[in-house]
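Letters A, B, C and D mark the chains as written, and numbering starts fresh at 1 in each.
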Amino acid sequence: LKMSKGTVGYDVITYLADIGQDEDFEVARKKAEKLGAKKVYIEDLRKEFVQDFIWPAVQANAVYEDRYLLGTSIARPCIARRQVEIARKEGAEYISHGATGKGNDQIRFELSCYALYPEVKVIAPWRIPEFYNRFKGRIDLMEFAKKYDIPVPVTPKAPWSMDANLMHISYESGILENPKSHAPADLYLMTKSPKDSPDTSDELELEFQSGVPVKVTNTKDNTSKSSPLEIYSYLNEIGSKHGVGRIDIVENRFIGMKSRGIYETPGGTILLSAHLDIETFTMDKEVRRIKQGLSVRFSELVYNGFWYSPECDYVRHCIAKSQENVDGKVQLSVFKGQVYILGRESPKSLYNEDLVSMDVQGDYDPCDATGFIRINAVRRYHKADEAPLCLLNSLQSSA
Amino acid sequence: LKMSKGTVGYDVITYLADIGQDEDFEVARKKAEKLGAKKVYIEDLRKEFVQDFIWPAVQANAVYEDRYLLGTSIARPCIARRQVEIARKEGAEYISHGATGKGNDQIRFELSCYALYPEVKVIAPWRIPEFYNRFKGRIDLMEFAKKYDIPVPVTPKAPWSMDANLMHISYESGILENPKSHAPADLYLMTKSPKDSPDTSDELELEFQSGVPVKVTNTKDNTSKSSPLEIYSYLNEIGSKHGVGRIDIVENRFIGMKSRGIYETPGGTILLSAHLDIETFTMDKEVRRIKQGLSVRFSELVYNGFWYSPECDYVRHCIAKSQENVDGKVQLSVFKGQVYILGRESPKSLYNEDLVSMDVQGDYDPCDATGFIRINAVRRYHKADEAPLCLLNSLQSSA
Amino acid sequence: LKMSKGTVGYDVITYLADIGQDEDFEVARKKAEKLGAKKVYIEDLRKEFVQDFIWPAVQANAVYEDRYLLGTSIARPCIARRQVEIARKEGAEYISHGATGKGNDQIRFELSCYALYPEVKVIAPWRIPEFYNRFKGRIDLMEFAKKYDIPVPVTPKAPWSMDANLMHISYESGILENPKSHAPADLYLMTKSPKDSPDTSDELELEFQSGVPVKVTNTKDNTSKSSPLEIYSYLNEIGSKHGVGRIDIVENRFIGMKSRGIYETPGGTILLSAHLDIETFTMDKEVRRIKQGLSVRFSELVYNGFWYSPECDYVRHCIAKSQENVDGKVQLSVFKGQVYILGRESPKSLYNEDLVSMDVQGDYDPCDATGFIRINAVRRYHKADEAPLCLLNSLQSSA
Amino acid sequence: LKMSKGTVGYDVITYLADIGQDEDFEVARKKAEKLGAKKVYIEDLRKEFVQDFIWPAVQANAVYEDRYLLGTSIARPCIARRQVEIARKEGAEYISHGATGKGNDQIRFELSCYALYPEVKVIAPWRIPEFYNRFKGRIDLMEFAKKYDIPVPVTPKAPWSMDANLMHISYESGILENPKSHAPADLYLMTKSPKDSPDTSDELELEFQSGVPVKVTNTKDNTSKSSPLEIYSYLNEIGSKHGVGRIDIVENRFIGMKSRGIYETPGGTILLSAHLDIETFTMDKEVRRIKQGLSVRFSELVYNGFWYSPECDYVRHCIAKSQENVDGKVQLSVFKGQVYILGRESPKSLYNEDLVSMDVQGDYDPCDATGFIRINAVRRYHKADEAPLCLLNSLQSSA
């Protein structure tokens, strides 16, 4: 529910995006209508989410701080893009969202809105003192809801907050705020526990074109999918079944605070493994090195909310360019929380079996390596001070 | 066996490093003596390997091309360092090794030797035409061994090549050269198959000081280790038991060819997860960003054989500097090939529970975020051309 | 004048830093006293400015956006550091400054203050609506000054704004805001016009230790200086005399707007040339490459106001480390706005005359280059699409 | 002269590229014919050199190690490209060049040849022991020439070596090998000494489209040029007249040795200044930051001989993409060795005069800056150890 009820002279149009979360959209519609929304938009954005947002992230091997696959970060510009389209169509001057004042999502929503609709004004209640001073906790909110007859769930909320979409579920806050506390086993909603997952693996073949999957086949039962949404949903199904993609991290928010988050990204984790494999197989080593640097930048930009920015457009363009030959098939097995790459093949492979063989020479003269090594040794080496080792040694002595 | 028999007027000193591989060193000693070695050095370098080579890699989160933990790459300078010490002590003018002419190891050995002993001459038989033309395959070598009464294993070699040390085993060549072929299940020698690994997890607490582990405790049975070699060996034991650290990749060698490698790095994989966790918990976000870039560089340098180089010394120094506050404890669970981080604590943590809390304000004014976002939106956004998306769309239509 | 008069119950302590600007400090003192300052601090920070701020910038070859030498950027943390010391000593809870709400300086002052005195509160009048709405232009300010008997200069201000210190003078705003307008010839106060500068050059020898100058000698008249402030002042004198260091640029402010600035940095420009020379002469190529990347980061951090930040401390440490062997002497000539490097020598040089000589072989075998080149050609080259050239060609046809 | 005389059964085809050097091509043709060349190619590549090689370098602001504009580096692939075309057309199996075995040019020629004609074999006499052992110095060569009646210049060669083309002249070796020796005043052939250059400036307006110049106008005499070759030649003319673009540096060769080079690049230096100006005026700040990193990479790749490589194609593509809006006009003045930017204008400018103005508010609320600054100060600052300063202080005390 992106806009709350207006009681003082504003027309309110509500907008709810279906990006794959488990939600009763009809209940949401009725609630919005009941509360006086002038118009109610509930939109299925799942296809666009996969094609326009998840696919570029796959091409980039997008990972924030070495671990987080950005499931929430890339959903925000997808939601905001449609929100802005509706706002423009309806002539809305204000846009509102319910993100808190301490998080990343406020930034992601608002930077997207300002980029696509520069003259819009944003209402973020959780940054308005009258609002957040009045509603200091859940009880205040429940009382308000009761007073104004706003239907709210009766079951008590889990003692943490969640964000769910097709790509992942994230869990944070509440009892998770203590970084030492272990997550309870029943927290995870999207993946089976590896302890309870099947004792036999599934084996998949994933086919890529230009760095995005175009087909997935389960080689055990021949299930096969070939549209983006179906592929991604099937990878989610397999990943979930085998408990793939659970992480527990402390990450750095854009606004400079550290935050503990738990994520489960079943399909995305499978795709990341497979894409890394086919990419290295088909891409020149030095191109990949440059692209790897751009990917780190891309991940930071997306995490920080700059999906719609000149630099993110630029980086996305450069990354897409690097993917032109990333075609081929990867065979992998999924089992007990892990993805195991088994083999790969590609019409565009730069792998040269003769060249690398220990049994045949290929078009390669080993004598050349002598010169290569000797030239690489021309620069003079001064025995360096042993600072890092000293540091370690001093540690050892104290241990 | 680092130097082969000399028959034409050279004294040969043999040198064999124990860096944790499974080998019968007494057999090796006898073989060397029997073949006429003037002197035989067999040295246990395991402690130095852990402290001086693995620990800096842990501090760096060293990973090559997003996946390979550099188990062979960091062993080479360790072996070469001692080899050079012996060569200098013995007054040897030549150093020899048995690495092939197509691989990375020749470079790693020789660059280390040239750096530490610039005037040394290197003999690399596999790059000498008289040698490699005479010994075209296993049969030629076996015949030569028979003729000169050189003891060789009678059991046929596995149809691939292996490199083993305390940190990992690598498998490549032979039937693995076809990148599509799946590795046989019985290839792995260092880790149990996740299919056969225990159905209950082990839980560890790893304590770090300055970015290196100083203690590991198994919280189920209170096993505890605190010297570097014992810690690493114990992590190997746990990792092996649970099938942790298996990867199958295609990587880019320094000499520009792609190569398929299979690796198992049980202890190193646990350490990487744990170090990533404690590092992000204790290190400033922007420092970490800079350090992350240096780590990518470090990994490339080490992979390419530049451990002993001005730039690798420099990067190692900078990385060690970044680790000064990376102290604390990480709790984790190891199960069926996976490492799950459960929680962390640190006296040097930069995590501020009040600041990040959704329930209390902490020293933070949400209104500030409004200005932050608005200033971040000052730059003008021109709707970018949709090149990456078009590219994807054209793919979809053909699918 | 860092704090304006308080009339409503606050004690005001004024603080004015002498960082080399041309100013009558006694007049300033009297003015502050007359206006009721409780205490007046006027401090000569020139030595600290050179040693603690300019020197690290010299080590870094600090340049923002390829041209700006950061003369204002590095002065701000110098001023703020002392301001905070005074504020702490005096028990001041508030700190104020006169920087505008659109510029970089507000950020530089305040981030420094928050870093060094986290609990301080900042008063920035030009961001307080009651203030900036009341004083919309010069006339309002003059009237206020007259009414309250505040002495102000009677001569009309130049039609631009200036910031001067020992390192540079910057000019911006006013008639310079039109990026097309040429700067008037009489704008420059720190350097002679190259058109009027002497027709004979000065020749200097600059001696460096650890990347900072320790001595400058004019080889024509044997003038010599060896304390940091004297060296820098002398380089300014020579640079000014010959019209060195004038630039006219459009730069990107941290807050995302482009701004036109004109700068003159006479001594700094000479130092940059000389340091680049001695650094490349004494530093390993690959170390320098890594350091160059850190320097770009350093320059951005300093420009953006993060002098006192974990990452800037870290980068400064790493850069200083790289300078350990940057010792030696550079001979140069200064003439008509230009610095010409003439020669260099160093006890730590990595330059090897024999090695590079076309006349003697040195310790180098040209045959090695063959292998080096051939291995560098192992990667396969696919004739690339000619996109960039097409782009150029299409331009040409339209021209 | 790219191929020397064959006397033992090989047909020799000679190829000489005109890339703007001052050379008597007819004399060269006759000499080749006289020496028995089967065919003589003398080709004017100046247009291609400007358009396909200099222009991309301009777009990149290509500078190696902060100073060298790559005038030789980008000429090599231009020459080699045509050489390969001729070799293929003529069915030549071998290609030869006269570059030494210690320099960069051998690498640049050969990597280009191997990339464009992978099966070609390269003959590099200066790396063949029979050749370089026979011709140890100039005298041996002169005797050989005399014996075989090969016409050679009678005037003694300057005591250094030169490489000249449309973009620059480089000087190295000989008496310049001593890095301390100052270059003699009469060394420079392409530019007037600033001491003798005119006492009045020239003023130019340079118009760019997509980051390359499409028109130059001398605003004093209305001279105007608009084809690539004419533009570049005219910039050379003006730059030469005013002594622009002389540098004396020590640089790092790809093969790991340091080398002293003196360069004059008159037109290129003007273009670099102008392009930097128009680029920052029209390009988003963050895009430019990413592009700047790619440019450093581009310069290294080109210097090292990788013009024709997958990664250089990739980087060139990305850089060209960044230039799409780099349109506009730059006014500048050229005087006594210096280029002074005077002003700029562009239909694609991102400069917003209202936004940046100190007199009008524009679409900007100064209050936002407060939040921006405060959020940027959220990360905790630990007073860093003062290592860099200590280091400096210890220096000072010894001074």
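FYI, a residue touches a chain if its C-beta (ideal position, glycine included) is under 8 Å from a C-beta of that chain, and two chains touch if they have at least 3 such contacts.
Here the structure is a predicted model, which is why all the values come from computation and not from measurement.
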For subunit A and subunit C, chains touching each: B, D
Between B-C and C-D, the pair with more C-beta contacts: C-D
Cα-centroid distance, subunit C relative to subunit D, in whole angstrom: 28
Whole-Å gap between the CA centroids of subunit B and subunit C: 43
For subunit D, residues contacting two or more additional chains: 255-257, 284-286, 289, 293, 309-310, 314, 317, 350, 352, 355, 364, 367, 369-370, 372, 374-380
Contacting residues of subunit C [partner subunit A, same complex]: 284-286, 350, 352, 355, 364-365, 367-372, 374-376, 378-380
Residues on subunit A engaged by subunit D in the complex (per definition of touch): 255-257, 284, 286-287, 289-291, 293-294, 297, 309-311, 314-315, 317-318, 321-322, 375-379
